[in-house]
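Across the two complexes that follow, subunit A remains constant while its partner is subunit B and subsequently subunit C.
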Partner chain A sequence: MTGAADRERPSGGLSRRRFFGLAGAGAGGVLAAGVAGGAIGRATAADAPVTDPAGATGAVPFPGPHQAGIVTPAQDRLHFVAFDVITERRDELVGMLKAWTDAARRMTAGQDAGEVGAVAGGQYAVPDDTGEALGLPPSGLTLTIGFGPTLFTTADGTDRFGLAARRPAPLAELPAFPGDALDPARSGGDLCVQACADDPQVAVHAIRNLCRLGAGTVGVRWSQLGFGRTSSTSSAQATPRNLFGFKDGTGNLKSENGAALDRFLWVGEQDPGADWLAGGSYLVTRRIRMRIEPWDTATLADQEQTIGRTKGSGAPLGQAAEFDPVDFTVTAGTQPAIPRNSHVFLAHPANAGTAILRRGYSFVDGSDGLGRLDAGLFFIAYQRDPGTGFVQVQRNLRSDAMNEYIQHTSSAVFACPPGVTGPGDWWGRALFS
Partner chain B sequence: MTGAADRERPSGGLSRRRFFGLAGAGAGGVLAAGVAGGAIGRATAADAPVTDPAGATGAVPFPGPHQAGIVTPAQDRLHFVAFDVITERRDELVGMLKAWTDAARRMTAGQDAGEVGAVAGGQYAVPDDTGEALGLPPSGLTLTIGFGPTLFTTADGTDRFGLAARRPAPLAELPAFPGDALDPARSGGDLCVQACADDPQVAVHAIRNLCRLGAGTVGVRWSQLGFGRTSSTSSAQATPRNLFGFKDGTGNLKSENGAALDRFLWVGEQDPGADWLAGGSYLVTRRIRMRIEPWDTATLADQEQTIGRTKGSGAPLGQAAEFDPVDFTVTAGTQPAIPRNSHVFLAHPANAGTAILRRGYSFVDGSDGLGRLDAGLFFIAYQRDPGTGFVQVQRNLRSDAMNEYIQHTSSAVFACPPGVTGPGDWWGRALFS
Partner chain C sequence: MLKLARDRTALAAVGTLSALSLAACGGGTDADQPAAEGAPTIAVTATDDSCDVATADLDAGTHRFAVTNTGSKVTEFYVYADGDRVVGEVENIAPGVARELLVQLPAGTYLAACKPGMTGDGIRSTLTVRGDSAPVAEDQALAAAGTDYQRYVQSQTGALVEQTAAFVHAVKAGDVAGAQALYPVARTYWERIEPVAESFGDLDPVIDGREGDQAEGEDFTGFHRIEQALWQTGDLAAMGPYADRLLADVQEIATRANEVQLDPLQLANGAKALLDEIATGKITGEEERYSHTDLWDFQANLDGSQNAVQALRPSLAEADPELVARIDERFAATQAELAAYRSGDGFLSYEQLTEPQLRGLSDSITALTEAVSQVAAVVAQR
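Right, the complex of A and B next:
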């Protein structure tokens, strides 16, 4: 989005670029003369974020009853990271979560993670921001944190941080599914952060600065970039296409579905772990490799029968337009228009008996060593309970015709606490208090 | 760029989306009724591309004396792929290059690679486009082809396709450099295609469809996505920041430097291989892992002395603004303001004695298994001769202070022919004729 950002940057307000442009020239002179004390990119009260919630360059509010990045209209780009906690000290972990929250507050507002040149240390201090997002607007950045089952209890039963009794029962490793080919090195994790933004450099910058702040406390377990959102989470968004070339997520849970969100998405006051998790949600990630070569040699009819929609308009088979209601009673000749083993039929809330909020991204991670692109869908789903959410949907997909063309290669589950509130609040406060 | 594209799509003209929106609903009805013959996304004379050369959504002309994607103002996103030719038949290779050229012509104009639903075969035909770019504008897509040394002669000396005598001497494997840690599995290649666009989905779609068209003739050897351009190739572009947080490529060769381009960039009429390569250029790629963790613990002064510029404005040390002339005579106290082992000093054309056109992209490829992000710069340089271009620059960087923070992990060199001309021309025609 850099190009668009350049064109659309508001002339009012102090974006990172504007502030830096002003401060930078002066600092350059200072440094060349060998005088310490230049502060670069320092945020002050005057360094107000650009607010343009409707556009691709604006800021999404960080505090709130729910974390941003769940029902927030899905941004275009993703950087997702799972961490191992490498310290044994609870106070270090808590200190990092507080520092992360401060940095997240600043970065989602379009500010630096900290001062690039600290006032006290000047040029002889280590910068508190790595600088690659200087000049870029907030770009709709959201940062969403989750806690994995292993943060509470390790596989051998160790209560690492005194949290074992706080683990809600639904926060457990997912069951095995037929066809899984999971790589343990890129599955699981003690913590995760989902960074979504309309500019990939802004998402990468945010994750990189959290990694920097977490040095010695956490290590990167695995990380995934996504270049194109494959779901809409708001009725105002156009439905994008996945790497099968089909519109995906037309029937997704969306931010406008208030009652359904309370039923299917948000952890309620009576749910397990509600003392720290009410208003939060469970996050399931699955890296799904798409076998695009066999898909690309399938006929259009095969593809459409597999999905259950037309490739052109995205209309459910038997209907004329994308948002026409899915009607499983419509026939084509003597057969149902939407095959009973199609993805749309099996994943439909009416047949799965549940609903999840999908928020996935397409990826291409180089090649696979066998002459093919290593491409697919990084599936992200939020739900009130993984057992009645993703697990139930996935079990219903046992006979999905699409299974011929996909393979799940990583899996993880996290509990995402509610949003932070006032200035003193921090990620995980209710859990660690 | 999807968001911006949505907002900025011109109301006139028939973009992929517009055309498809019209055709799609009808096709949906046709398919549901089980009648063959619906053509989806078919390009016709009326399916004119959107032309908006100044914006991020428009089309860059495909034919021309030079290939697009070299001096074209660098787009925001990259998908680069290197192929192994797996056929032994020259006619198959030539057939594929012709098919690629046709598809490239269409895709850079914002059309499909071919018909999604072929008229003849209808829904029972395999689509000639994979569909994931339906609805997206041209997005400045450029596709640039290159031929590697191994296409001409394999390591054991085999003249695979009768091209051995056509190999210009400068098209040879690069020499080894101190500190190289090259992975052979993602180095080299018989062919390459560089796809640049302002929407990553458009770049990925283009590469994926070339892979599809090349099935059985080529296999993907390695592939690299880049999310953020790190160089400007036009004076009209703002200088972006690399993952060290610095502005990079301020002194790059740019499209406006006509005489310098002829001297340093384009293969001339008297150069080796001019019979098929005049007007082309040599492409060197280096995947450069950045050691961002030690960099992030270096002081601002260390960082600026390493680069030779201020982090804020990007001004050369000793100057006030980014585009102030680099002046190596300016001192700070008793020392040169720009250290003699800084990157700017050693890479500067005045000291390297040559110039190259850089066109690199930042990447993050997950994590490295050691708790760190696998991040860096995918360096791309074009030049008239690799020996007097990249090799000379790189040798001059032996004492570069930046070497402490980087490691080259892949390397490749290709000869990129001139642009195609009329409708019957194709990639490599002069080489294979």
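Right, the complex of A and C next:
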């Protein structure tokens, strides 16, 4: 690893060589008030510039070598949707993907979903846009598509669309983890679209219009709203807080990390499925319910010991400031300052041995009928390979003290192809060619 | 109901569409059809497993089909043009009963079909009609759509009154089992033409209102009041007055519905409204919350919608053949999917369907609605 990593200070007590030798791929944390500063890399002037979406209202370019919505500085709002493909016909699916691409190209530019628009058609035509985004700016909208393992081969082994041979091995259902309480009805999916924007109405409008265009070809399997980002994907962004009240994503992979992105985030030219997936990334989603009420009755000390950071500044325990390096050798009295079962310790790249790009959002989905909020973190992570990314991190979190306060209720994995290249290109072209 | 009423208002406000309006077509009973007297009679003998049409080769013109049901099930007789467009039908032919159907047939190929048990595609045979027939002008094709559909409405209201009378009779006789069997049959005729029936805003709530929909001080009446008694308590003692009122209200709405003249745009919107009925009331099991006979209603709404679209078919086929193909495909897919839940002459109870099965039906209706929703714009441009 060169470039950004060379400019970093090694994590306390561990050499960079040791750190990156751990997995041959890898760094990240799951709920990640945790992951170290320092480890993956800080922005420097030499790194790729941040594509800032012109404040909170501008447009993010839709085409590009990678899909927007991954290293794009995380917007404030999310509407994520997973679809089942209900047609048996490949040509219908391809037709829809082309129509979706056209609509996505238009909507990310702040235009109506269709050429005619919400109100310019005839009085008796069904409008080709639903209209709720009329008058709103692009709001940094990004639309990111992913293909789930069941698109290639259904659960019962059927190769519906002649794609079975194109499925890269890393695109497989995630293994079960201890403590999982997954609801199958809101897990998985043949396709997904992640809509992020700085205006929730813009994100919902985009998903709604894609659903409308997909009628007869896909049906919504599940969908999730997120109201506040819980990660920074650019060092130009302040670190947000998740619903535990802690800063989250301090040590995330970020757009400025250059070579680390190629190592941990983007599918490479030699990777499985590179013929259609090189330049893409794997997406893992986990709906993580937070047990808000027990957390809110825990003492500040308990909370900080659970996370491994201070709640106020976000500094690693034993350090002074948020971006101070995590140092596991620092002690408080006779004990390590950062407990060995804290989230930071276990999720830290030095211990997890890998890196992922987190892009999660807080959610509150009403209440649970027992007088408690149904709230938590909709975890989103992008990585070059789920096996050496999320799965590796999550396995290391088995003894995480935070597990007492969370429960994973939904899970999904998708392969996100590279970005579309020009006006004639469409989502999935290389896969379906 | 509101849809249709709203559409009428919209029509009135848009002068350019007045050309779409149909000429008045009167009461539209069979007797109004031209050349009824002296029309050649074709005997049709329907049994539970056969449909014997006396001749398969006809001359262009008006024909009288005399349908005799010698089977044990109630049957229906249809004459279909291309794409299952109904050009004539007679409903609700009880065992041992004979009924006549007058139908004007230009040259072409048709299908005659009996539907013993009133289910499925029926037992079909080809009718070949020869002779001169002037090509139908576009505006005439659209005008014919309204006439076709009005005839359909009339056949349904006729059966609705008869079946409601039988249902009411069973209720008043205290025959719970008999009334339970007749309930979904009577409602089939209601549900097939629901948007038309619902356009009478004063009668619809008292016939088809659900418990809790009434304004303060209003009584809960109609089909669902009796449904509640039949399935929840099994006690019909207090139902006599409700049964009498139901029949009177149904007779009134049938009379009014027979006078309704629908223009093509209203037909298009009615076809979509019927699918919306399925999506909002039947897929959810809300319509028949006591009897759980929602799939009967589903079938009826679906048939009614298909009929309205098919009335527009000649005009649509010319303007947008791809749309017609898509609609045909999706109607067929939905019909086939629903047929999987048939049980005897009826359907499984709503409660017997699993979540994935309901999800499949819902996806099919969403897809079908997407296609049918395009019809109005095509029709409006003609």
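The working rule: the second predicted complex is superposed on the first by the 374 of 433 C-alpha atoms of A that agree within 3 Å, B and C clash if a C-alpha of one lies under 4 Å from a C-alpha of the other, contacts with A are read in each partner's own complex, and residues count from 1 in each chain.
By our rule, a residue touches a chain if its C-beta (ideal position, glycine included) is under 8 Å from a C-beta of that chain, and two chains touch if they have at least 3 such contacts.
Bear in mind the structure is a predicted one, so any value in this text is a computation, not a measurement.
**Q** When the two structures are overlaid on chain A, which partner does A:Ala260 contact: first (subunit B), second (subunit C), both, or neither?
**A** In the superposition, A:Ala260 contacts neither subunit B nor subunit C.
**Q** Please indicate which partner A:Ala164 is in contact with in the superposed arrangement: first for subunit B, second for subunit C, both, or neither.
**A** neither
**Q** Thinking of the overlay built on chain A, is A:Ala278 touched by subunit B (first), by subunit C (second), by both, or by neither?
**A** So A:Ala278 meets neither subunit B nor subunit C here.
**Q** Which of the two partners, first being subunit B and second being subunit C, lies in contact with A:Ala172: first, second, both, or neither?
**A** Neither partner.
**Q** What is the contact status of A:Gly216 with respect to subunit B (first) and subunit C (second): first, second, both, or neither?
**A** Second partner only, subunit C.
**Q** Can A:Ala430 be said to touch subunit B (first), subunit C (second), both, or neither?
**A** Neither partner.
**Q** In the superposed arrangement, which partner chain does A:Ala125 touch: subunit B (first), subunit C (second), both, or neither?
**A** In the superposition, A:Ala125 contacts both subunit B and subunit C.
**Q** Going by the contact rule stated at the top, is it subunit B or subunit C that touches a larger number of residues on subunit A?
**A** In the superposed model, B touches more residues of subunit A.
**Q** With both complexes overlaid on chain A, does A:Lys311 touch subunit B (first), subunit C (second), both or neither?
**A** Only subunit B is touched by A:Lys311; subunit C is not.
**Q** Let me check the overlay on chain A: which residues of subunit A are in contact with subunit B and also with subunit C?
**A** On subunit A, the overlap between the subunit B and subunit C contacts is residues 86, 121-126, 185, 212, 215, 219.
**Q** Please name which positions on subunit C make contact with subunit A in the complex.
**A** The touching residues are 10, 14, 265, 330, 355, 359-360, 362-363, 366-371, 373-374, 376-377, 379-381.
**Q** Hey, which residues of subunit A end up touching subunit C in the complex?
**A** Residue list for subunit A touching subunit C: 86, 121-126, 185, 212, 215-217, 219.
**Q** Considering only the defined contacts, which subunit B positions touch subunit A in the complex?
**A** The contact residues of subunit B facing subunit A are 1-4, 6-8, 20-21, 23-25, 27-29, 31-34, 38, 40-41, 55-56, 75-77, 79, 81, 84, 86, 116-117, 121-127, 129-135, 185-186, 198, 200-201, 204, 207-208, 211-212, 215, 219-225, 227-229, 238, 240-246, 292-293, 296-301, 303-304, 310-315, 317-321, 330, 332-333, 337, 362, 364-367, 369-375.
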